[in-house]
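Each of the next two complexes has subunit A plus one more chain, namely subunit B in the first and subunit C in the second.
Moving on, here comes the complex of A and B:
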């Protein structure tokens, strides 16, 4: 009887260990799987050629990712520019100024924002942002635009990355020890001066990590951007031009990709590129965040 | 002296303004979905599958997508529980605290959490090519379970980590093995938190489109087998919005309304469970 229990314990332990090791290797498995599939296109052209060519003609066997990479960078850039000031001010307000009750009310609302599916953001973008750009913003600058543009994608993405940036930066601001603030206040600094010179300086690496996390979220976001960014395979030259970001390209061509040679391989290479960029950003910001966390403890 | 006060006030009002902007963007999104979706709602939307010519504005509903999404997210959640619960229990009960494996696993879940869903879709697709499976419920379940695995594991890990060490010690002192402690003490103590984690993951699974676009396909019928293609709500919204007909676009808004309501219900239920959990925690 006792042996049976011990045996059960041993077996469970081994089983769980194997499962743990396997699941921590999923990242590598994904990278490897995508690499296997993209090898056939890498055999015909070099990676740099694919990344920097602007010619996208799958039927002729030309797969230049440059317009899509630039599309992604434009859309992500606009999103980050909009999100940074709003999120940081909100995070400072929530962690330094707001009453506890306000904090308790806003947190679930921001969590709710994080839970809204990206298609719903897309629908909202099509209904609200796109017409607004078409009817008001573009004419204001004397331009004609369908509304489906870098700006529309950027605005929708900015809202989608609000929750993560706010969540992580509030945590970072709250982890700054209270004594540091008291020291500054005791010297006669106002609350804002304390925040500006002490809290932000202390929290800076963590805040940057939070922004990078948001940025990498925006980088890989697919559906909402696909619905509002316009999807024209050309390098955009202003925020009112349409863009065709990399994730949208991958999602939009699932239908035809098996009928054109190398097409599927090219799209899976695009996913691999996306994965690598996002992994790079994520690993850096996670390392920064764990170091900050450890320092506080 | 005065300038400092003015600066303080300017920044304070800027902060309040940006908080209000962010909260009102949530309100505007919800209001837009309700205002556009509610008038287009009717009983047929949620009780019928698409009839012939549905995408041209003829009769029918999106029952296929609602049921499909529930099947898909349900299956994926089940699969993700089977993997993440043992892993999280291993990290917190069996493994030595602060060991390399623990740190590495937590880190890799953190990183996985940031991987875009389209990449999971593409990876799922390449597995399916490898196994020779066509776009199907099974393919979708695999891709979505990979997507929600890190979300679920991290959320479970956070609750199980909070269980006091003494509780485990008490169980060991009574002669229980670690396995029995993990199953009968840890899991039970963390149950509401685990359910919350499961619900959060389920919500993400229902709402995600990019991972199923390659893997689950689309179908006007409710699938009767794992190997049949399946419709999902997000893709149904996407396709209906893409048609040039206003009546069908209105149905897209109604479908977005249905999806949002499902997500809101899940979120509220998980919030209630989370509150119950904090009430019972031993401090």
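Moving on, here comes the complex of A and C:
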């Protein structure tokens, strides 16, 4: 009887251990699988050639990823440039100025943004942002644009990463001890001076981690960007040009164009590149966060 | 004891939500003396101290009635500019909280926000007040290293220098030695005795012996009420109130 109980206990803990190992192994399994499948294209061409060639003609066997990599960077870059100042000011307001009641109401609403399906953002982009760029913004700069552009992708993406950056930044700002603010206020500093010179400075590494977290989400976001970015395989030269980010390339073509030789392998290589970039950013944000925690003590 | 009043508290009531932290306090704090606010924890000592520089303003749900006159001016008057009131007072908190910057910038922070930009002038200020707080010879070779690397005792003296650098008239100490080792506490206490020649010093303390060593004037609070106040020798040797007697003997704490 006693043994049976102990045996159950052991079995349960072993079983849970195996589940934990399995789920953490998945990342490696995916990376390994992608690598296996992309070996056939890596055998015919060098990685640098694939990454930096601008010529994308699958039917002729030319697979240059450069336009897509640049498309990803442009769209993400625009999103970050829009998101950072807006998110930081919102986070500062919520943590430093807002009355408790305002904070209790707005924080859940902002967090809710994260739960909206990305296709909804895409539709909103197509119906609102794209026409606005076509009819107002492009003509204002004397340009003609269909509206499907880097800018449209960037705006939609910026709004999608708002909740992450705001949420994490508010947490970081609130982790700054109240007494440090008091020390600055007691010297006769205004609230804004205190925020600018003390709170932001103390929170800076954490805020950078929040931005990197938003960035890595932005890199991989597919659906909404695919719907508004235009998807033309050319390196964009301005924010009003269309772009074709990597995730959109993979989602649009995988499963349809697989009769073309090496196409399948090329797309999986693109997935691998994307995975590596996101992983890289995640690791950076982790490292920065742990150093912050050490410093804030 | 004859004295000139520096801070005059008149019918001060402070509420946190529905809870009354200070009940109708009226007391005068003497100029260029050390005043100790004593009493058991949670009796409103810190609230009283922080109402002097209006740091209690930013607490959610706070209500204040009554007056606090500093140099004859009611600091709770809505027309008063709070930063100017705070500039008159340097604050030492229970634990030192250096600002997240270098030793030099910690001292220069106050003067800079009040408009001093001249490099040479700032250098002089930093040196002068680090000497005044007895820290200069320990840090003069590493002024530009982060203040967080100093020991806790050094940090507390840095905070003192930082407070003095805005040229206040009053020094407020909220149990300023409670996080320090005996040696560092002694240094801070010694500083207070020197500083009272030029400044009005008000400290909150729960250490009776510290109050006896330092105070010229004593305010005894119990559960938000002012029980007794007066020159230190009277309160300690000849308390009028039964409760004060018991507290000093250690019966209530």
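The rule is simple: the second predicted complex is superposed on the first by the 289 of 297 C-alpha atoms of A that agree within 3 Å, B and C clash if a C-alpha of one lies under 4 Å from a C-alpha of the other, contacts with A are read in each partner's own complex, and residues count from 1 in each chain.
Simple rule for what comes next: a residue touches a chain if its C-beta (ideal position, glycine included) is under 8 Å from a C-beta of that chain, and two chains touch if they have at least 3 such contacts.
Given the structure is predicted, the values throughout are model-derived calculations rather than measurements.
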Should A:260 be classified as contacting the first partner (subunit B), the second (subunit C), both, or neither?
neither
Looking at the overlay, what does A:187 touch: subunit B (first), subunit C (second), both, or neither?
second
With the two complexes superposed on chain A, say which partner A:47 touches: subunit B (first), subunit C (second), both, or neither.
neither
Let me test your reading of the model: by the given contact rule, A:284 touches which partner, first (subunit B), second (subunit C), both or neither?
neither
Touching A:197 in the superposition: subunit B (first), subunit C (second), both, neither?
second
Between subunit B and subunit C, which makes contact with more of the residues in subunit A?
B
First (subunit B), second (subunit C), both or neither: which does A:122 touch?
first
Looking at the overlay, what does A:177 touch: subunit B (first), subunit C (second), both, or neither?
second
May I ask you to decide whether A:274 touches subunit B, subunit C, both, or neither, giving the answer as first, second, both or neither?
first
Enumerate the residues of subunit A that count as touching subunit B in its complex and touching subunit C in the other.
190, 193
Considering the complex alone, what residue numbers of subunit A touch subunit C?
99-100, 177, 179-180, 182-190, 193, 197-198, 201-202, 295
Residue ranges of subunit C in contact with subunit A within the complex
53, 55, 58, 60, 83-84, 86-87, 89-91, 93, 95, 97-101, 109-110, 113-114, 148, 159, 162-163, 166
For subunit B, which residues count as touching subunit A in their complex?
4-5, 7-8, 11-12, 14-19, 21-23, 25-26, 28-29, 32-33, 36, 83-84, 86-87, 89-91, 94-95, 101, 104-105, 107-112, 114-123, 125-127, 129-130, 146, 149, 153, 177-180, 182, 200, 203-204, 206-210, 213-214, 234, 237-238, 241, 252-253, 256, 259-260, 263-264, 266-267, 271
Contacts from subunit A onto subunit B in the complex sit at residues 5-6, 8-9, 12-13, 15-17, 19-21, 23-27, 30, 33-34, 36-37, 85-87, 89-90, 92-94, 97-98, 106, 108-113, 115-124, 126-128, 159, 162, 166, 190-193, 213, 216-217, 219-223, 227, 247, 250-251, 254, 264, 267-268, 271, 274-275, 278-279, 281-283, 286, 290
